Amino acid sequence: MLGEGILKGLAETARNFAGSFVSKERLTTVQYPEERAPAIEASRVFPFLVYDGPEWEAGLRCVACQICEKECPPKCIYIEKSKDKKPDYVGKLQIYPARFDIDVSVCMSCQICVEVCPFEAIKMDTEFELATDDRFGGLLHDRKSLAKSNEYYHTIHPTEAAEVDARLAEEKAKVEEKARAAAAAAAAKAAEAPKSEAPKTGEGTEAQ
Amino acid sequence: MSPLSGYLLVAALVFAIGLAGALTRRNAILVLIGIELMLNAANLNLIAFWRYGPHPEALTGLMFAVFSIAIAAAEAAVGLGLVISIYRHLKTTDLDEINRMKG
Amino acid sequence: MTSSFAENLDQIFVLLKHWIVALVPVPLQPLVGAVLSVAAIIVVFATLFAIAVLMERKGLGRMQNRYGPNRVGPLGILQPAADGIKALIKEDVVPYNADHVVHFLAPIVLVVVVFMGYAVLPIGRNMTFVPMDAGLLFYFAMGASAELSVFMAGWSSRNKYSMLGAMRAIAQMISYEIPLLMTSVIVVMMTGSLSLDKIAEVQNQYTWGLPHWFVFTPMGFAAFVMFAIAATAETNRSPFDLPEGESEIIAGYFTEYSGFKFAEFFLGEYVAMLSISGLGATLFLGGWSAPLEVLNVVPSWFWFVVKIMTAMCVFIWMRGTLPRLRQDQLMNFAWKFVLPMTLLDLMVAGLWRFMGEGILRWVVCSAILLAAYVIGGRAGMKREQFGPRSYRYAE
Amino acid sequence: MPSNPGDVILFVILSALTVAGGLAAVLLRNVVHCALALTGAFIGLALLFLRLDAQFAGFAQILVYVGAVAILVVFAILLTRSSETPATGVFSKTWLAGLVVAAAVFAVLAWAVLQSEPALPHAPGEPQVSVMQIGNALMGQYVLPLEIVAVLLTAAMIGAVIVAMHEKKETAK
C-alpha cells in the first residue's frame, strides 16, 4: 500500500533518534577540543624538516639542494642556501639552508617534496591545528618552526621512521665502509708508495 | 463630490490607462496586462455601484464582480497560452511584426 | 475558584491587552491595541521560529546519531541567538547585475505576507487578531502572494540557479495550492463557515470526553493527510524541497542572498511552516481546544502552541527520513494522486452530510476512501518508462 | 464630502497606489517590472474593494490576480523571453492614435461621471453582507451562472493547455 515505506522509514529514524539518547555507542561524534580521535599513522597534513641529535640547527638533514622548491606544484617553498658548510650525518661537509620557508596558505599537502627529497630531510607532519589569527606572518613557517626532531618523527610515523633510519644507517655504514676501504687502500698505497696523492681519494668519496 | 463619483473616476482612470497600454505597447503580454487593468476597472465600477446603489442587499453588483474575476482568470490563461503559442511559431511577441494571418 | 482561575489564565493575554489599552487616551486606543497584537504575534512566532530551528538541528542530529549543536550556552540552547547575530553582522552582498529594487523587496514581501497570515488564526479562545468572516480566504490570499516574492527573488538575482529554483518553487506551490484549498473546502462544507474562529469553535465540543475534531471523521482524516502533504509541498519542505535542492541548484531562489536578507528568507520559511501548521491545527485538530474534556483547565493558547510545535516535530521527522523527490514525481503525485483523492474526498463529505447519523455513514465513507486510496496508490506506484528528454521551450 | 477626512485620505492613498501601479504597468520598459507593477495595481484595487465592504471580492481578487494571473503573466514573460528589453522602442508604431483614443475615452467617462454627479446617491447604504449570504446567493439565485462559469473555466483550462501544448507534427517538419 502507498505510504508503507514512508512509515517504515519514519520508524527507523525514530529508533535512531531514541537510540542516540540510550546507547552512547551510536554516537560516533568525537567532541573535538576536549576529546581527540586516536592518531592515524598514515595521515599527513603539512611538511616539516627532520633534524638529528639535540641541536636543531646543527642536526638539520636538509642540504638546501632545492629539489623540493623546484618540484613543489604550488611553489610554496622558499630556500636560501648558506654561504658556509656544516657536516651532515655522515660527517661530510654540506651547505645548509639559511632560510627555509613554507607558506601554509599555499601548501596543498601533496607530499611531493617528501617524495623527491634524496636526503630524507622533509617529512609530513600530522599536526593539523595550523590556524592562526596572523594572516601573513603566522601562516609563513620558517626554518625554526619547521624543524622537528627525529624522535618526534618516530612518535608520529613509527613504521616509516624506522624504515628511514634503517636506510640512513645502511647508507652511513656503506659510506663508512667505503671510507674505511679507501683509507685502508690509501694506507696500503702510502705504505707501498709514500708519494701517492692522498687528495684524490678524498675527491673519490666526495663524488658519491 | 460623493464617494461614489470618486470611485468611478478612479475606475475610469484605470480603464483609460489599461486601454492606453493595450493600444500603445508592442509586446503582446503587455497588451494582455492592459486588458486585465480594464477588466479590473470595470469590477471596481460594479462594486462601487453595488455599495452605493439603492439595493446593496441584492448582491447583484458583487456577484457580477466575482463572476467577472473568475472569467478574467480564464481569459488570462487562454490569452497567455495564445501568446506562447504565437511565440513558438514566430519567435516574437512584438505585435508590429505579427502582421500575417499565415503561420 | 479553580474554574475562574483557569478562565483568567486562559484569557490572560486578552485581559493584559485590555488593561494596557485602557491606560492610553481613547483616540489612541485602537492604534495601541493593533500595535500590541502585532508586536505580540511577531515576538511569539519569532521565538517559536528560534525554538523550531534549534529543535530541527538537534533533532536531525539525533536522527543521524550526532549530537547537534551543543556549544553555545547550556546544551546549545543559545545557538539560534548565535545564528541570528551571525546573520545580522554578515556582509550583505548583492550581485552586480541584480535588479536591486526587486532584489531588496523580495524578502520583505515574503516576511510581510507570511506574518499577515497570522491575522486570522485563532491562537486561543477570543484570541484572533482580526476575526474575519472570510478568514480562510484571506489566509489563502496571503499564501498565494508568497509565490510572487519567490519569483521576485529568483528573477532579480540574474542567476540561472535562482531562476530555476524560483520556477520550480512556483510550479510546485501552484500545483499543491489546489489540494490545499480543496481540503480546506471539506472543512468549510462540514462547518458551513469560512471564518476560522467559527471552525475552531465548532470543534470545541466533546462526546464522552473526546473532542469533535474533524480529523476523527473518515473524510476529515483523509483531508488531513492530503492537507499535510500539500502543506509540506507548499512550504518547500523535505521531501518536496526541490526548489532548494542543493545538489542541483545550490540553494534555489535565495542563492544570491546573504546576511540579513537570507535570514529573512529563512525566517519566512519557518514562520510559514508554523503558520500552515496553525491552519492545519485549526482546520482539523480543533484549533485551541483541548484533546480531552478534562484538560480544558489548561489554557487554550497552550494547546494551540503544543499542536503547532507537534506539527513542526513531524516536519522535522519527515525531513530526517525521506529523500527528495524528482520533479516529474512531484508533479505526477500532485495532479494524479493528491488532487483526485481530494476531489473524491469532497464528494464523500457531501455524502456524509446526506447519510444522516449512524454507523452506516462511517462504514460507507471509510470504505470508499480506503478503496480509492489503495487503488490510487497501486496505480501510482507503477514504474514509468521515460523516453528521450525533449526541450519544449528551449528550441 | 460627507465622509470623514480619514476615509478620504485612505481613499486617496489607495487610489494613488492603484493608478501608480497601473501607470507603471503600461509605461515601464522592462516587462517583468510591468508585471510586478500590475500586481501593485491589483493589490490597490483589492484594498479599494475592502473599503467598499466587499470582503469576499477583495480576497478573491488577491487570490486570483496576485496568486494566479500575475504568476501566469510572469511565466508567459519568461517562456517568451520578453524579459530582455528590446533594442527598438517599446511602444507601437501607432502609439499616438492609441493614446488619443484612451485619453478621449477617459475624458468621456469623466465627463459622464461629473455630469451625473447630482443624480448619484449620496447616502451610502450599509450592506452587512456575510460570506454566508454570498454562498447562499451563489447556490440559489446565481446557481446557473455559477455552473456556466465552471464549464467556462474547464473549457478555458483545456483550451489553454491545447493551445500551448507542443505540436508533434511541427517539430517533425
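Each chain gets a letter, A, B, C and D, in the order it is written, and its residues are counted from 1.
Everything that follows uses one rule, which is that a contact is a pair of C-beta atoms (placed from the backbone, for glycine too) under 8 Å apart; a residue touches a chain by one contact, two chains touch by 3 or more.
Here the structure is a predicted model, which means the values were calculated and not measured.
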Chain labels contacting subunit B and also subunit C: D
Comparison of B-D and C-D by number of C-beta pairs in contact, larger one: B-D
Subunit A and subunit B: spacing of chain centres that average the CA atoms, whole Å: 78
Subunit B-subunit D separation of Cα centroids, rounded to whole Å: 5
Subunit C and subunit D: spacing of chain centres that average the CA atoms, whole Å: 29
Distance between chain centroids, defined by C-alpha means - subunit A, subunit C (Å): 58
Junction residues of subunit C, two or more chains touched: 393, 395
Residues of subunit D whose C-beta touches two or more other chains: 56, 60, 68, 75, 79
Touching two or more other chains - residues of subunit A: none
Interface residues, subunit A side, partner subunit C - complex: 1-3, 6, 9-10, 12-14, 16-17, 19-21, 26-29, 31
Residue ranges of subunit B in contact with subunit D within the complex: 1-10, 12-27, 29-30, 32-34, 36-37, 40, 43-44, 47-48, 50-57, 59, 62-63, 65-67, 69-78, 80-85, 87-88, 93-96
Touching residues (chain side subunit C, partner subunit D) in the complex: 102, 132-134, 137-138, 140-145, 147-148, 151-152, 155, 163, 167, 170, 174, 177, 192-195, 390, 392-393, 395
Subunit D - residues contacting subunit C, complex: 32-33, 36, 39, 55-56, 59-60, 62-63, 66-68, 70-71, 74-75, 78-79, 83, 130-132, 166, 171
Subunit A contact footprint on subunit C (complex, rising order): 59, 62-67, 317-318, 320-322, 337, 373-374, 376-378, 380-381
